[in-house]
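First chain A sits with chain B, and in the next complex the same chain sits with chain C.
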Partner chain A sequence: MNRNTLALIGITVLGLIAPFLLPQYSNEIAVMWLMIVFASTWDVLGGQMGYNSLGNIVFFGAGMYISAIVQIGLYYDVAMYTSGARTTHIVFTHAQYFTGFTLGVFAAGIGAAILAVLAGFILFGLRGPYFAIGTLGLAIAAAEIVASWTYVGAASGVSMPVFPGGPEAQKLYFYFLLFALALGTLVFLRWLYATKFGLALNAIRDDEQKAEAMGLQTKQYKRFAWALSAIPLGISGAVFGNMTGFIDPREIAFPTTTFNIFMVLMVLLGGKGTLWGPVIGAVLFHVIKEVTWTYFLGWQYIALGLLIVITVVYFPQGIVGWLTENYPNVFGERPKDERNSVKAPVLESAE
Partner chain B sequence: MSEAILELTGVSKTYGGVRANTNVSLNVPRGSITGLIGPNGSGKTTLFNSIVGYHPIDAGSIRFEGQEISNLHVQEIARLGLLRTFQTTRIYGKMNCMQNMLISLPHRRAGLLDMFSRQHDEAAEKAEHLLAFVGLYEKRWLRSGSLSFGQQKLLEFAMALMNEPTVLLLDEPTAGINPTLINGLLDRLRRANTEFGITLFIIEHNMRVIMSMASTIYCLAHGEMLAAGTPNEVQNDRRVIDAYLGVH
Partner chain C sequence: MQHLIENITILTAAPVINLGLLIDGILIGAIFALAAYGLALVWGVMNVKNLAQGDFIMTGGYIAWSLGRHGIQPLFGVPLAFVLLWGIGYVIYYLVVRKVITRDLFTSLLATFGIAICLQQTLNLIFGPDTQSAQADLPTWQFADGLISIAATRLIGFALAVILAIAVVLFMKNSRMGQAIRATAQDARAARVLGIEPEKVYAFTFSLNAAICGAVGALVVLVWNVQPFLGTTYSIRLFVIVTAAGVGNLPGVIAAGFGMGVFEQFGGFLFGAEFQQALIVILLLGVLTFRILQLRRFRQAVQ
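The block that comes next holds the complex of A and B.
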């Protein structure tokens, strides 16, 4: 059994017992799983493929709104539901809630993937810093478009269907959904990076023109990579929207300056282009953020800023990158042959 | 002369007002080693870029195995089996040599699901074999960016062989390589031609190298085809000598 499998089993055990061990923190830990999804999916493009996206929040917000429209639209007129003039109180039955939510989650994942492919058609023409700025434009545009779209309540947002159950059940329900999503994302990425897909992403990162010259279908890989990382983001948006109970375009669905930037920071902190770097970065970042928010209120952005400066100046390769560089025997990739019958091929050249 | 595998007819390319290639025609026979020489700035690399589809050409036709390729994209041409190496060596620097090799498998018949395929043992064996062929077997797990320049060139060559091309365009394969390593590289190039049956089309500044390897040599000057023939004919062509000495 290799170290990755062990780490995944460890995470599973921790994730399963955490809400019972620390019930008072279960919401914070749930958000930590969300941060792991953010960081790990951002790293697909940002770390493995070398395309720094500042617009991945679009898929999170889009998933949130797609799910809301599906959940409400199945049973009511969305425009009426979101209208500010509505005075009636609308209740979703047990069956209505879970049917709508399940369909909403699926629609959010698929919708986010389709959006990523469409955005990729335009934005993958840009490289380097131009891609980063282009995607940032996409994120800002998405927030503004939704904020002026009255069908989904425009800037005043949408009150999501209320969870049909007690607050304890609700807390655990969303905790385990986010935990399962994070774990599923990690298992999926671990598999993905072990296939030819992972190598292709790294090749694009190292020299895209060379990859093209070698006949690699770079466009196809780039589009798939973004779409595959958009699926968990879309789903996480759907889950998080229902967890908070109220969604609005600027603060919750498309928060360009918070969640969107956190994605990048967590990966930089943990180490780009590795499976575990984003996870470690996300956990550390989230803990530091929560601690400063709780105990040093007013200083939290200074603390975060300091963290960024220290990371960029002293650990530009991130924690995992720093560890593999300085302790390659412990943390480095061990290039052992999985094939048992390794023998050096016969050197036939006349040397 | 056997049948031409790569056939250029009247190829012209201008950058703004600069005429990089004017009415260039040449044939690369199947299974041959063909050379392309010319003074600096004579349009050799531009011609290579035109062939592999880096930019559209202004006029003329480029045919590969009888098929017109001047309207195809870089990746499509590469998948047909017409591959090039770069003058400034290009490898995937943060990946190890084996990974460099494995991602260079031919993508000719790759379908959508092949994107998610696991690496086969045969592929790894082939990669090891080719790394041994160029003398990099011992370094196969090293980060390719940490290799010396000459070793990176050898790796790039091995990656090209991994891709199983029909025709390989080499842009100055010996440039920047330690003179003692050049002979080893030449031996590998010849064997790629004879053993793997790869047609080679080589840009080279080192006259000793190209004259000893190529059966036919084309000489470009100021973007135009100046002379063509056997090494002996080209070497003794007055116009070629003048072009190199700057009389032209």
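The block that comes next holds the complex of A and C.
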């Protein structure tokens, strides 16, 4: 049994007992699992494939809205449901809720994957920073388009169907869903990175031209990788939308400056291109954020910006990268030159 | 859709409105072109893609707006914002940008994105999240029975943008520093061998860009409005302009700036102001796709 398996078992045990050990924090821990999903899926492209996306939040928000439309649309007229002038009282029965939710989750995963493939057709022609800007544009456009789409309630958002059951049951239900999603994502990615597919992603990261010259169908690989990372994001969007009970385009579904940038920051903090880096980064970031956020009183986003700048400028290798560099006997599983996902830039001037 | 068709009907029925939109677009496009020139400058010389560009503009806008609120003619905000933003740009260069120039492009992109978040949140804390605009108390001229109206502020903004652009271009062409900047952009190592200190050139370029943005912001608050979170939209707009034109292509950047102004005027008229951001981003994707197709043609020739 190697270390990765042990760590996964440890996470499983911790995840299972956490809501009973710390019942008052179970929502925060549930969001932590969400953050782990965010960070690990971002790392599929950002760390393993070398394509730094600033727009992965699109799949989260898309999943949220797809599931909302499915859940509501199965039983009611969506436009009527979301319109402000709605007068009829709407109830979802137990069976209706769970059927709708299950179908919504599946639709969210599939929809997000399809969206990723479609977006990939346009965006994967872009390299490096152009890709980052293109995806950032995609995220902003998605928020703006949904915010002016009256069918889904435009900027005022949608109230999700109410969970049939007490608040305690609801908390545990969504906790275990997000936990299962995070664990499933990690197990899946661990397997994925060990396959030929994972090697192909690393080949694209290290030298795309060469990979292509070696006969890899890089375009298909890139689109498929993005679709794979979009599936957990879409599902997490569906779950999170139901967990919060209310979704709106700018703050919850497509928050470009919060969740979207958290993804990148958590991965950079933990260490790019590793399986555990994003997890460590997500846990650390989330704990720090939850503990300190309330003390900042409006300064929290400035602190966030500063944290980005400081991490990027002074601590680029991340925690796992730092550990492998300084304690290669304990943590160094990979040769050193593989650590940095990016080629050393050749700009001779400044030292 | 209904709305769109109605608007197209209006445009075809009263062609003089087209002219009005075109004039407005050109007057605003001059401002875009100037800021895009700053972006292209930093991009070309330092290979840093500055995502905080729009937030520099907003900062400049708030400087001019503060002057106006204290009873001073906000037009004086243009030189003041130029000077203040020069300082801010210099500080940011020394604290952050200096350390990311030699690293990969995503690092500098993310670092400037972090700066952008800091700046917009600081503006939000100081000035609040409301949309603000400064009044210069200047007349608006009406033509063609009121169908075309040209505000004097827009005209002044245009004139100032043109003057500033000419000054910057002349500076880049003739002055010692301008030559050093262009030399560094062409070949940093050769410039170094010839006794140019790249460090100084980079600091100057970044500060100059921030200062240009500041002046642009002061013009934006006169002819339009500012809001702490509008910065990212401006950054993306400028990226569209520079990407469409190509980094080294100065006349192209200016032409694309005017094109952007006109496009936005027509887009805003046809689709409504709420689609403005979405339109810009769609234009970005369109321009990027066009570039990919261009590259694809090139790649086929190689195969």
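A few notes on this one:
Note that the second predicted complex is superposed on the first by the 315 of 351 C-alpha atoms of A that agree within 3 Å, B and C clash if a C-alpha of one lies under 4 Å from a C-alpha of the other, contacts with A are read in each partner's own complex, and residues count from 1 in each chain.
In this section, a residue touches a chain if its C-beta (ideal position, glycine included) is under 8 Å from a C-beta of that chain, and two chains touch if they have at least 3 such contacts.
Model, not experiment: these values are computed from the prediction.
In the superposed model, A:G128 lies in contact with chain C only, and not with chain B. After overlaying the two complexes on the shared chain, residue contacts for A:I261 are found with chain C alone; chain B is out of touch. Residue contacts after overlaying the shared chain place A:G215 against chain B, while chain C stays out of touching range. Shared-chain residue A:M80: touches no atom of chain B or chain C.
Of the two partner chains placed by the overlay, only chain B lies in contact with A:A194; chain C stays clear of it. A count of residues in chain A touched by chain B and by chain C gives the higher number to C. When the shared chain is aligned, chain C comes close enough to touch A:A141, but chain B does not. Within the superposed three-chain model, A:L306 lies in touch with chain C and out of touch with chain B [touch as defined at top]. When the two structures are aligned on the shared chain, A:A203 is found in touch with chain B, with no touch to chain C. Comparing which residues of chain A touch chain B with which touch chain C, the overlap comprises 345, 347-351. The residues of chain A lying in touch with chain C in their complex are 52, 54, 122-123, 125-126, 128-130, 132-134, 136-138, 140-141, 144-145, 147-148, 256-257, 261, 264, 268, 298-299, 301-302, 304-309, 312-314, 316, 342-343, 345, 347-351. The touching residues of chain A, when paired with chain B in their complex, are 192, 194-197, 199-200, 202-203, 205-207, 209-218, 220-221, 224, 273, 335, 339, 344-351.
Those residues of chain B lying in contact with chain A across their complex are 52, 74-75, 78-79, 83-84, 86, 90-96, 98-99, 102-104, 106-108, 110, 112, 114-119, 121, 124-125, 128-129, 132-133, 135, 137, 141, 159, 163, 184, 187-188, 191.
Taken in their complex, chain C has these residues touching chain A: 47, 49, 51, 96, 98-107, 109-111, 113-119, 121-122, 124-125, 184, 188-189, 191-192, 198-199, 202, 232-233, 236, 239, 243, 274-275, 277-278, 281-282, 284-285, 288-289, 291-292, 295-296.
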